[in-house]
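Listed next: structures, encoded as structure tokens.
The following pair of complexes shares a single chain, subunit A, combined with subunit B in the former and subunit C in the latter.
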Partner chain A sequence: MYRFIWLKDLKAAVHTWKGLVWLLVTALIFSAASYLFLTNRELSLLDQTEMLWLLGKVIIGAALLVTVIDASSLITAEFENETIESLLLSPLSLGGLVLGKLLAALTTWLVVYAAAAPYMVVTAAGSRLTGAFLVYVGLFGTLAVLGFTLLVLAVSFFYRSLRNTLTTSLVILLALALPALFSPVLKTSTLARIAGVANPLDSIFAGLDNVLVDYHTGLAANLGFLVPVLVFCVLALGFLMLSVRAFQRRGIAKD
Partner chain B sequence: MRRNLLPLVLVAGILYAQASTPLPLVVSIRSERALSGVAGEYITLEAEVVNVGTQPINSVTTYLSLVDVGARMPVDLEDWSAEKGLFIGTITAGETLPLVWKVHLIRSGDYTASVVAEADGADLPVVSRVTYLKALPKRNLNPGNVLPVALGEPILLVFGFLLLRFWRTRKLRPD
Partner chain C sequence: MAGVISARAISKSYGDRKAVDGLDLAVEGGAFFGFLGPNGAGKTTTIRMLTGVLRPDSGTITIDGHDSRDRQHIASVIGVVPESRGFYDWMSGEEYLDFFAALYRIGDRARAVRQLLADVGLADRGGTAIGTYSRGMKQRLGLARALVNSPRVLFLDEPTLGLDPQGQEDVQQLLKRLNEGGVTVFYSSHLLHEVAHLCSVIAVINRGRLAAVGTLAELQRQTDSEDLRDIFMALTND
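Presenting the complex of A and B:
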């Protein structure tokens, strides 16, 4: 039954071309970024790897923004449109509903990744990192999107208004994204290092740096960056399960 | 008074001379005097360290020193070589040990490379002769490749939207 929810959300997304304008804007961001990077003739070989790292951050950042906004509306919109009761009265289980919504959000990520792939191939040309760039942006991006979608779906069950879900989700994303953008100089204290390991975005960006700038392309060499993101996904799943259980206890009625 | 001070001065002089005595090590680069490659390539720098003394030397560390001739600045080896230094430990009398560095030519330019050896308790390091490295520029960046993608993908998407709109309008039109 989760397939019904998944396809329903996909059909809603492509119902009109206006619903896909975000994809055009995302492609324009990738166009502008890759064109600016590649037309700078002063870039050397070292700068090219750093440029790939920057492009990887742009791709994962844009994908997270799009999927967090999209996932915020997936469940809360059912509350706002008062369609949740009909869904819950159908043979569909609550777990099936959540799984269908999760797959819809992951499909959005797949679309963003497919749109970004040609840019990644062109930008990495000549660096012998094309395969690693595609694989690791895909791997880190999938885990990041999975973790954040689970988190946003969990938050969705606490609110009945899209504005609240969206604001909370975006603030969480911003709170995790800002420290990850700080320079390594500002991350020398013990507290900053612990916060860096606990922050999934920090691990993702450091992992991309390890692959693209330090040429550690093996999976074993990147386990230290993948494990914190996996832990984040497991914690987000746990939070979602708690949130679903709380919703089952309280029901649809607002607090 | 002068007589009393003389032995002290002599002992101090001997100790200073011993501390400043160069290590009985010879470090030499076996690679050619000038090496070159295209930026992005790896070159191998071969050297050797020989203990020409009669006693073993403990805690010997050798490291590569790279200087950017154009910028007149030493180069941070972080991205250039995975092995910045090679710890040898003990080198016995008369022993010769090979040293190999795989150097990744990161940035184009002219460089000088030398190998330095140090040991615990020795004040003076031993330095090899200089080898000249030339990293030729490589243009990986091809703006000509990115333009079709940077322009093509948004155009394809707009075309797709128009098709979707056309299909929806046709579907909604009454027969």
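Presenting the complex of A and C:
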């Protein structure tokens, strides 16, 4: 029955123009980034592989921002618009509800990825990295979006309010993205290295660097970068299960 | 049929406040059961526990012989017009009912939706966005949603709230027809004349406890009052 929730949310994205707005915003971001990389005098001096790495970071960063904002309203809107009770009264299970919402968020990522694909192909032209660029941005992006969506859904069941869910989720995203802004010197410190290993976003960006700058395109050579992201997904799933269980105990009325 | 709805010693607290306190209820199959109580008496909490969306802190509930925690079975036999009345405003009435018919795995959904819209008097507005509906039309749509699975037990929390007199009359006639067809109706309302007119058995709760239950004649004898308003006041004035 998750299929009907998924389809409903996709229709809602079309009816409320939300989906089109996300597509437009991300396309503008990718256009601006690609244009800068290719035409700016300083940025155009970048090695092509460095440029691909930067574009990959922009695509995954934009996708995560869209995911967090979009997914924050998937469950909370049902609470705030008082539609959750009717859903809970139907034979739909909570698992089906969550799966439908998860697929809706992953579909948004798929649309963002499809919008990014032409930019990736054009900027990677002549580098012989086009395939690896498309595959690894897709792989790392899918896992990151999956983990963050699970996390946002867990927070949604906990707070039941869009404002609180959005604020908390953005703070978590910002906290995990912060190390990406550290200078290379700062990243060599022991503390930064430990934080880097545990941070899924750091692992994703380091993984893209490994593929695009160091030309290690095989899956085996990138497993070390995938593990922290997978661990993040498992932890987020665990948090979601706890959050759903707490919701089942408390019921629809808040104490 | 007997004991279609049964609640034994159910309680529910929100923090330190006891919303429902050891409530016992038994509703026989085919009854039109009125459920009255002042604001904050625990009516909505009780309905939410009976319909399985809220777990009682203690006590047991069975609906149609099944524990209320058996959500799949309960969902298949009950229809509910809940207190919360949210709708997907961007959907049309038809799309809305079709969505719920799909969740209930109804076979011929298009035909079922047409019939439901006709039953609640929305046949000519089925294709219009719910956001453009009046409050009364949304009430009717909520009732249609509650009937989408042809329920054997119908829970209604203030179903005629916001309806004009004609709308109230239409809903009452529909509920009477359903009840005559064997549907058990659990009816919570502040409109005492409606309850007196429709219900075969009336329960009054106050501060989360059952104050009285019986036919209108029994409640009249018990409180030495004629009018249901006086009965209500006598049972709920502390």
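Everything that follows uses one rule, which is that the second predicted complex is superposed on the first by the 243 of 255 C-alpha atoms of A that agree within 3 Å, B and C clash if a C-alpha of one lies under 4 Å from a C-alpha of the other, contacts with A are read in each partner's own complex, and residues count from 1 in each chain.
Please note the rule applied: contacts are C-beta pairs under 8 Å (C-beta built on N, C-alpha and C of every residue); 3 or more make two chains touch, one makes a residue touch a chain.
What you see is a predicted model, and the numbers here were worked out from it, not measured in a lab.
*Asks:* When the two structures are laid over each other on chain A, which of subunit B and subunit C touches more residues of subunit A?
*Replies:* The partner that reaches more residues of subunit A in the superposed model: B.
*Asks:* Counting only touches as set out at the top, which of subunit B and subunit C does A:252 meet: first, second, both, neither?
*Replies:* A:252 sits against subunit C, while subunit B stays out of touch.
*Asks:* Determine, under the contact definition given at the top, whether A:126 touches first (subunit B), second (subunit C), both, or neither.
*Replies:* After superposing on A, A:126 lies in contact with subunit B but is clear of subunit C.
*Asks:* So, does A:16 touch the first partner subunit B, the second partner subunit C, both, or neither?
*Replies:* Both subunit B and subunit C are touched by A:16.
*Asks:* May I ask you to decide whether A:114 touches subunit B, subunit C, both, or neither, giving the answer as first, second, both or neither?
*Replies:* neither
*Asks:* On the A-aligned overlay, A:171 touches which partner chain: subunit B = first, subunit C = second, or both, or neither?
*Replies:* In the superposition, A:171 touches no partner, neither subunit B nor subunit C.
*Asks:* Using the touch definition from the top, say if A:31 reaches subunit B (first), subunit C (second), both or neither.
*Replies:* A:31 contacts subunit B only, not subunit C.
*Asks:* So in the superposed three-chain picture, is A:194 touching just subunit B, just subunit C, both, or none of them (first/second/both/neither)?
*Replies:* So A:194 meets neither subunit B nor subunit C here.
*Asks:* Who does A:135 touch here: subunit B (first), subunit C (second), both, or neither?
*Replies:* Neither partner.
*Asks:* Between subunit B (first) and subunit C (second), which does A:1 come into contact with in this model arrangement: first, second, both, or neither?
*Replies:* Touch status of A:1: second partner only.
*Asks:* Show which residues of subunit A both subunit B and subunit C reach, each in its own complex.
*Replies:* 15-16
*Asks:* Per the contact definition, I'd like the list of subunit B residues that touch subunit A in the complex.
*Replies:* Contact set of subunit B toward subunit A: 39-40, 79, 105-108, 137-138, 140-143, 145-147, 149-151, 153-154, 157-158, 161-162, 164-165, 168.
*Asks:* What does subunit A use to touch subunit B in their complex?
*Replies:* So the residues of subunit A touching subunit B come out as 14-17, 20-21, 23-24, 27-28, 30-32, 34-35, 38-41, 43-46, 48, 115, 118-119, 122-123, 125-127, 213-214.
*Asks:* Inside the complex, what are the residues of subunit C that reach subunit A?
*Replies:* 14-15, 45, 48, 51-55, 71-72, 75-76, 78, 80, 82, 84-88, 90-91, 99-100, 102-105, 145
*Asks:* Quick one: which bits of subunit A touch subunit C in the complex? Just the residue numbers, please.
*Replies:* 1, 4, 8, 11-12, 15-16, 78, 81-93, 248-249, 251-253, 255
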